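Please find one structure pasted underneath; my questions will follow.
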Amino acid sequence: MRPSQRNPDAMRVVRLTRGYTKHAEGSVLVEFGDTKVICTASVEETVPSFLKGKGQGWVTAEYGMLPRSTGSRMRRESAAGKQSGRTQEIQRLIGRSLRAVIDLAKLGERQIVIDCDVIQADGGTRTASITGAYVALADAIAGLIRAGKLDASPLRDQVAAISVGIYQGQPVLDLDYPEDSACETDMNVVMTGSGRFVEVQGTAEGEPFSEEEMLAMLALARKGIGELLQLQRQALAG
Amino acid sequence: MRPSQRNPDAMRVVRLTRGYTKHAEGSVLVEFGDTKVICTASVEETVPSFLKGKGQGWVTAEYGMLPRSTGSRMRRESAAGKQSGRTQEIQRLIGRSLRAVIDLAKLGERQIVIDCDVIQADGGTRTASITGAYVALADAIAGLIRAGKLDASPLRDQVAAISVGIYQGQPVLDLDYPEDSACETDMNVVMTGSGRFVEVQGTAEGEPFSEEEMLAMLALARKGIGELLQLQRQALAG
Amino acid sequence: MRPSQRNPDAMRVVRLTRGYTKHAEGSVLVEFGDTKVICTASVEETVPSFLKGKGQGWVTAEYGMLPRSTGSRMRRESAAGKQSGRTQEIQRLIGRSLRAVIDLAKLGERQIVIDCDVIQADGGTRTASITGAYVALADAIAGLIRAGKLDASPLRDQVAAISVGIYQGQPVLDLDYPEDSACETDMNVVMTGSGRFVEVQGTAEGEPFSEEEMLAMLALARKGIGELLQLQRQALAG
Amino acid sequence: MRPSQRNPDAMRVVRLTRGYTKHAEGSVLVEFGDTKVICTASVEETVPSFLKGKGQGWVTAEYGMLPRSTGSRMRRESAAGKQSGRTQEIQRLIGRSLRAVIDLAKLGERQIVIDCDVIQADGGTRTASITGAYVALADAIAGLIRAGKLDASPLRDQVAAISVGIYQGQPVLDLDYPEDSACETDMNVVMTGSGRFVEVQGTAEGEPFSEEEMLAMLALARKGIGELLQLQRQALAG
Amino acid sequence: MRPSQRNPDAMRVVRLTRGYTKHAEGSVLVEFGDTKVICTASVEETVPSFLKGKGQGWVTAEYGMLPRSTGSRMRRESAAGKQSGRTQEIQRLIGRSLRAVIDLAKLGERQIVIDCDVIQADGGTRTASITGAYVALADAIAGLIRAGKLDASPLRDQVAAISVGIYQGQPVLDLDYPEDSACETDMNVVMTGSGRFVEVQGTAEGEPFSEEEMLAMLALARKGIGELLQLQRQALAG
Amino acid sequence: MRPSQRNPDAMRVVRLTRGYTKHAEGSVLVEFGDTKVICTASVEETVPSFLKGKGQGWVTAEYGMLPRSTGSRMRRESAAGKQSGRTQEIQRLIGRSLRAVIDLAKLGERQIVIDCDVIQADGGTRTASITGAYVALADAIAGLIRAGKLDASPLRDQVAAISVGIYQGQPVLDLDYPEDSACETDMNVVMTGSGRFVEVQGTAEGEPFSEEEMLAMLALARKGIGELLQLQRQALAG
């Protein structure tokens, strides 16, 4: 029995709210149950120096958590003077995931910076971030097209992400915090709209896992991501 | 004429939403028009080392802005590796303002950390932060009383803050961003429920100001803070 | 009775010594009683990047304290790896105060950097710094005129600063350290030669203050700054 | 055809040299072809503060590359003042992999710190590090047993790691640098001696990958890790 | 001919002014011609953690330069966020030099921190610092004896320092800045009152130097240090 | 009697292994007994900004120690976020020593960066680094000549370094760690092939030393460096 009473293959309620704040070119509040992340997309008409003159654009991401987004207060990273290893891992993952579905040459010499800021955490903040960030990115690109700066969308596919794991010996979908902190294995899966993998990151927190367990987790992930892709399409159509 | 069409002595719509996030002992979304700040109060059963064994508590504050809370994206302070001088000034001001209305000895040997995180900025983020932080602090203290950890509230008074300024030669109340970036003088005023000053910080951005102008600004501030104190009481009674 | 036996409206002996060190374009030792600050002005024929090509100059300030300028040794900020919030607040205040009396367009595309280094502290270091920095700045500008790099002075007015406060219920002028560490309210006032305010920063350290107390403090500040402006003129005429 | 002329399922020559340096409790030079990493294990009779008094030990890892271990010189991280996100990701991975096969309670209240320093890089430094680190860890534990500080080994299993990928449409084992920088997908797999997964990290660098491709990569990884586990046993028996 | 017209074996005018600032237990302004350094000694009744419970004391030093102590303004190290390699070299040298003449066991479990801050630089700041620091240290120790905290002085000898060099082929004593920036070789010599060496640091800035040149420089250093030791005794007797 | 049973004027076995790693333009493993340092020379076709357009090149050095190159593990400097004062002193010394024997104008507008990384420490790491770095530098320059980028070598002389000291009252050559940590005086000497000094750095760790002792140490150093110069020539001829 899961702490939330959900079935093993049941996701939490997911909401994608576009236009959440007013300044950014794309701004989405993504909620996976009690996990809430603000994802903004900022368009900058320059590229990082390593891409100057290469005739292509860039998409990058930064991630942060409000100090009291969690059960006990975390130290503010700006006060600590550096980002933790975990923060850097997550923001690198978000950036790679988005770059996997965009044609950077078609984006032109501009950069889109995605900021994912967790205002309330209950497990799955990185996968919620990727799922919401895609919608913010799509909104920013739609704005570039409306403004006549792009003729066609450089997006080649959708991308969404979900966590799966082994909790009390049972493969489960969309771990919340009580499951995440007690599970044997935690796997984050990033997939495209066409059903291919961008990232698979499975970690045994306790017992190492078997290939059968991995396949069961991947099947759950495929189901969950299918639902997320549908929700993204609905949100963008709204 | 103000860009927002407001009268010189008119504030923006102010909202105080308690219980905005679920983990913190106090959690308030404060809105001054389009300025939106999440204020949380976190109770910690320890005190900073300089207060160990002194038989008193502490209240401190930290402040941050989401990178795209503003019109153009700001660099994330955790990525820059340090907090700006402006950030430090503001969080020191919030902390002093709250400590002015609390009896630290009655709080006992515990610390309450206030986090003010701006999710959307349109001028007046520091005064909105102080106004919202008071409500979050009051909620955290109410929780300590309910939990039997405090017999009575160590709060001695309310505290709220507003900005005033000289805009195109005219004293005005509650500057929004278009006014703030073009005004001659900007003054932040922090007052208690009993009508006394905790902080007065007036800065000539352009022309130095006269004593008459200062008195006119203070009168506006007194009016605005009166309204904020009333809204705080309503929110806490709600 | 003040610890120093001074009358409530009496300043400490103030001295301004020009040409204190030999390398800087302006170099002043300012003494407010036992508070001693070296203020230098360095002319640089470049501007910060945010002003490149804008046809105007810049004035900025940095502030520091020798580790043993104080009663007990403070940690050296360069060893700590960062400037404290207090240091940043003060150097931002000094910079703003000086920029309020200079026409940056007339200064041309150059920067004047003011360094204020406290070699002995006894209260009022920031107001002494502003008062001395103005003289160093004036000396540096006089040098630019002598060298034919400027036709006329871009200075529009004088500027000086003093602290006032409420000490044992009594408004007093020019707080020394024993008063500063025990007062109820501390206010720093920066005024121009024409009697207008550049900055007013009042802080209740203990009891919040009334409007009447603020007006009494401002009157004392106006008297003290009048004396400082006179001393600046004498020093520059010397 | 692979650049190295290897068959798709062929690993490079792997060597494990124990006792490579003299000070550390375990010291191994691990070579995967031209990739060379020094792995040391240092026993410390204290635990990190978050484990004080918990009756268990800890294993952690740090990773670095000599500035000219690579084709063009990289900036030295100590001179840059921080470790890159990549470095932190890798050292967290090494630490987790080793902790998966050790009973921390049986280790007692002590810490073993693994340092993996790359002296020559040609792809696969993180998987070589894990493979060599296990041997260094085993040596350090053998020393604790010889010294009478442990009765039995807290190691529950072996652990080794290998990279696999899709290179020019073909699943291949043990990518060297020319493959790693041109492959479509890169996957790092960490397995125990009993054939279960500790970590699976697959990343599409170019095209997203299918489930079939993932299964093919996992099969290659299983074959390669089998060979590595055998080499570890031979080295430790030597 | 030296730029200053001094004879090869002539030092600049040296002055040692005790009691230069009021807070420190020892406070000396040392002047070697236009080089001016404030040396303070601060007594702290604790020792660094590596000496806790060892029954001995410690003497350490920190060094800094005011940004405009030099001909062109240097970046403030606290703003840069770190001390330069040169600064660290110098403060380590000052600390070692002073520890060479004090019996740390007799000092008891306390630390004396020496701060050497250059307010005007014209060559030889590190040797002036050592020479002045000894006097500040002696004053601080005299204060400990007067206060009954020490029965006898832990100082075993005097220590002073001077720079020598090869300037235009000629060995010269006490290099000023024009010589220091143009000399072939620069040597800093630290000697005790008994004529033994604590430190000899010779560096060929241009041409490597011969053993004969080194002996000539050492003879000049011995002469100069003899004069400095005499000035220290006079200052402390004054 | 020395701990190693060596005669006072006997060096440890010294080995210079060229081509130690494959990527760098020069790569040397230098061994002084159990002290082992990897020295690489990296050629970069740019110069630091302070030399842009000056028509000359630059040689600089960086130094590091693997955390467990020493008897007890040292904190990794990249994790600490800064290089220690000792590290900075040593890398500045290596750079100066190499620049003393190269004609930077003849090198052309390029930089050679020397990295000295200690993989095992047993005293004398800085002098081993200089001795090995010269060979790596010579190899890199030979490569530039072979590639037609230089017509002739800009090297004007050889350079090598050795430590000498007073151990139990006796001058000794080439201190190993047991001697280094117990000696009264430690002196590092850097000499050219023509027998002139580049650096002499003598430090009394315990008792100050006499001029006679210094001369005895210099004679030992001259003998040892003569042997090192010979080994360098043999290595480069090999």
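We call the chains A, B, C, D, E and F, going by the order they appear; numbering starts again at 1 in every chain.
Everything below uses one rule, namely that contacts are C-beta pairs under 8 Å (C-beta built on N, C-alpha and C of every residue); 3 or more make two chains touch, one makes a residue touch a chain.
Keep in mind the model is a prediction, meaning the values are calculated, not measured.
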Contact distance in steps, from chain E to chain F: 1
Steps needed, at minimum, to go from chain C to chain E via contacts: 1
Centre-of-Cα separation between chain C and chain B, whole angstrom: 28
Centre distance in Å when chain A and chain C are each reduced to the mean of their C-alpha atoms: 50
Separation of mean Cα positions, chain F and chain B [Å, integer]: 59
Residues within chain D bordering two or more other chains: 81-82
Sequence of chains encountered when the ring is traversed from chain C in the direction of chain E: C, E, F, D, A, B
Touching residues on chain B, where the partner in the complex is chain A: 21-24, 27, 34, 36, 38, 40, 42, 44, 62, 64, 66-73, 76-83, 87, 113, 115, 117, 119-121
Complex contacts: residues of chain D adjacent to chain A: 82, 85-86, 88-89, 91-92, 96, 100, 157, 187, 191-192, 194-204, 207-211, 214, 218
